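Both of the next two complexes hold chain A, though its partner changes from chain B to chain C.
What follows is the complex of A and B.
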């Protein structure tokens, strides 16, 4: 019984939130990794692209809610998501035309593009705050829990409750669907293969039938879809606040680099590595240890290795370790 | 077929190509030789659109193709291979070949979802063609292998195969023989000759291996210091005093003069 209680408690606070957070990071890191692999620069504007996509989705969700449209138990935001993606596609394609294309034609060095993307980041950041304001916004509706702590306790008779939020389930399912679609696209379709070809060998791709402008366009479209989905899922699960997306940039980059920049599979693995490290290190293990250890050894303190205020330090440390010992990441991406 | 007029390509103060004028005839296999740094590869790069020329003109069949981007030239049938073989390393050899033809309907996102049948038909035809090419080059057993894992010589064959996936008019081969063993070099030579005879491909070949040049090329153009030194058959070129000087330096000639 104690063991079950410990396991339930661990699932409730570590495993389930970790999986959900990991999926969100993975989707974000996939966008970063695609831009790096194909357009060959680290896109610092990615966090704010997520914020923009989420913002459009939030606005459309409010509008739908005001019309009385709803998806029943599911959040209305899912209905608004395609609009958010379209909005972000437009934003990214316009940005590319207005900014990145100029530098691409000049064959600017990656480091210049990185700085340029920081400029783009501040502009997007400004747009989002200008339109929706810097505050927390609520747009979640529908059923809150798939399993609530109380029903779980009643069902199983355990002391510990297990709550599974509907947003967590939606996050994981959406992430699986999106990732499956992405891999199918990259590996099975001509359009996806031309993107991989461009990533493998740009010179050769240019000297074959690959049209570079189309590859670039495709990349931004896919990145927009990934970023918006990631942003909306994060917003549903936690809350929508423009600044948090800027902060997410660090764990997202850490995920992409840990997995190996340019490797989609690596981005997913990296997302989960970072998410679980963050959650386990900032989790107070008192309860779990209390169940697992003999009473005399049960800890008095919280057994929390790091306060949640420092959670971003975790990604930083992992990032440093990976860059020091395995700079190409777990899945052998391009070295940084 | 391709006429190059007074072509200059300067990198800063360095004149890689310095007023080269030459022409490549339709249906010929032209050899391009010259000491290292003579500007052969730069000339290729300028013709193939990788670099824009500083000045000068390149025409093909009378049409001005100076400074067109590589993929436009590709669609006009101007193809090139690289000194160091290039490949899409994460894809199989067959996929590498299937990648080549441009303008496939599967490239458009819309068709990926709504034009499945047409894409499938195209892919089937492409696949058949790719397999045919692999067989022609005697590397059909590598079809499923990742291109990043095959040997350097096999990569060169794959490069050649790439030119066969589309109806090339003129193919620029940059040192196909570099780092390739004799047996494989003969396979490559056979393939070039057959492509030239059976399909009427025009070739321009940069090569340092004189046996290879002797077997394939007529005429031969010798370049040095960014300019054309001599044009003719290989024997004529070999007999040309300026060419000998460019390859061996004036020192040798002076010593000959002294001993004579």
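What follows is the complex of A and C.
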């Protein structure tokens, strides 16, 4: 029995990647949930908004790198992130003016807006591929590891290595900062309060003098910032490829729905629930159990519940279960 | 008026004849897709053989040969079949050098080559399943079956004293075929495969796959995938998490990209790709340098040989009709006859013209066995001091 090795091994393959992935999903789900709560439709274009924001950031990063600008051990992309956010804000505001405003004025049903957002998704999809191409792009620089597996082994003398990538640390820190800012904005500022009022009861908010166009604009600006940050963090930690952002749409929606659509706190919880279910269910527990159990009981098989190919199926199943038994999600959002 | 008609008819006739003199070969490779980085050198290899034949002027009755390219996407069977159909029906090719990847090659063979009766010689499709396919004698390959590569891999591991490995293969005909034949050979020789799992190409993140492989354990991770695709992702993931330091690279991984991206970071890793010992490869490399391409690139020699075999078989049969010259492919490839090295194509054509026999050795020491596939000689490589170096032949 060797709990230390078991714990290190578990941290290396489950806990740390799970926390990083969960933070990325949570940021994505926050954007989806805000659009749902305030603009009242499911924004299918969110994954490709993330891709667009990340793309602008990648291009600016390359430009900065070509000028020789760098942040030392930190990735240059962090410097380019504000520009990416600005670019995405412009894109979303233009989209709103050109597309969504028309349907909003007509008081179109949410389902129509969902289909409209799918159209927007395909257009953004095309723009991203047109500009940067469908391939993998590398834009990560700076120090790759905070602790690498080899140095950890040498430091502690354990059999198992523990690697903490700098992108994972950056992801978690950025996510905490962004979420804190968001909650401060929603709960403490006048604009944030007017957004929440608009979300709770549109008519009452209008009677109290809330300017609806201002609320809509603010929402898109915040969503752009969230989506770009999530997209860039995911790209830094994994890799930037337009198609993977499209695939991310499913776990992001699953997170938002599991947490309760419209509830920011729920989106964060949902992100971590989905991330950890995906990682733990497809993880092969042989090694961890081998350390934890006496030799005679150690498993021969891999003790893997589902092959890693079925990762996305896990999100689907959780989504179905939540919709069947608790349609408002964990944090009492709006029912779908 | 009559004269004019006669003249134009004659002109049309000569134009038609001039057209007939030009023999077209199709080069059907994955110019896009997971192996796109090696298709350039392969095409250059095939075109070099064609250029040498044209230069000699000995081909058939002084006819010239030209090539037409078609893209298979490597993993896109429908694109591959469509390209092959175009090559055969609209370009009128008399033989195809291709396809590139195993799954797509099988599809092209069944749906385009056999129905239209065109000879295919693949330089790089290595799935064992292609050995047993019913091909009407139209399909050959200058690369060995992966059943042989699996055996070679087991031998390499045994010689290095490694008894436990994990295997990650790309989820297609090539990956599965190779992983299975390797597992069979390695287990038989007393080794243990702790896990034999697939990975999907084109994902952003392989940490889940790597986690499972790490849990299964093993001294070496065998990555039977593609270097431009999931294979690179798996190696990155394994290095980042410290799951494996040493890797084994089968032929789909061995390329310049591998050396550039991973040679330093996977010091001591090893692998193999089909390539022959002896004078052939050396001579071919010199020719490649002159022609301006990397002749050591994976499957570039095999591509040269595939083109050469088709043209020599045509010469031996005295016909460009695939159904006639298909019976001559084995004859020109194997003994008896004068041994032909790369660059000697003009002499080989002359020998055949004079009614002699040739034994084509070529750039990859061609020896066709069974239903027409290479017996298989592999070059073992190892990462030493940040470089990919050849350490021997098997």
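Annotations
Heads up, the rule we're going with is that the second predicted complex is superposed on the first by the 335 of 336 C-alpha atoms of A that agree within 3 Å, B and C clash if a C-alpha of one lies under 4 Å from a C-alpha of the other, contacts with A are read in each partner's own complex, and residues count from 1 in each chain.
As a convention for this text, a contact is a pair of C-beta atoms (placed from the backbone, for glycine too) under 8 Å apart; a residue touches a chain by one contact, two chains touch by 3 or more.
What you see is a predicted model, and the numbers here were worked out from it, not measured in a lab.
When the shared chain is aligned, no partner comes close enough to touch A:291: not chain B, not chain C. Of the two partners chain B and chain C, more residues of chain A are touched by C. In the superposition on chain A, contact is made by A:302 with chain C only, not with chain B. Touch criterion met: A:163 reaches chain C, while chain B stays clear of it. When the two complexes are overlaid on their common chain A, residue A:253 makes contact with neither chain B nor chain C. Once chain A of one complex is fitted onto chain A of the other, the partner contacts of A:200 are limited to chain B, with no touch recorded for chain C.
By the touch criterion stated above, A:210 is placed in contact with chain B alone, chain C being left untouched.
Within chain A, no residue touches chain B in one complex and chain C in the other.
On the chain A side of its complex with chain B, the touching residues are 185, 189-191, 193-194, 196-197, 200-201, 203-212, 214, 218, 221. In the complex of the two chains, the chain B residues touching chain A come out as 48, 50, 69-71, 74-75, 79-80, 82, 86-91, 95, 99-109, 112, 119, 123, 162, 166.
Across the complex, chain A meets chain C through its residues 9, 12-14, 17, 21, 144-145, 148-150, 152-153, 161-163, 165, 234, 238-239, 241, 243-244, 278-279, 282-288, 302, 304, 307-309, 311.
Chain contact summary for the complex, chain C toward chain A: residues 171, 195, 197-200, 202-205, 207-212, 214-217, 233, 240-243.
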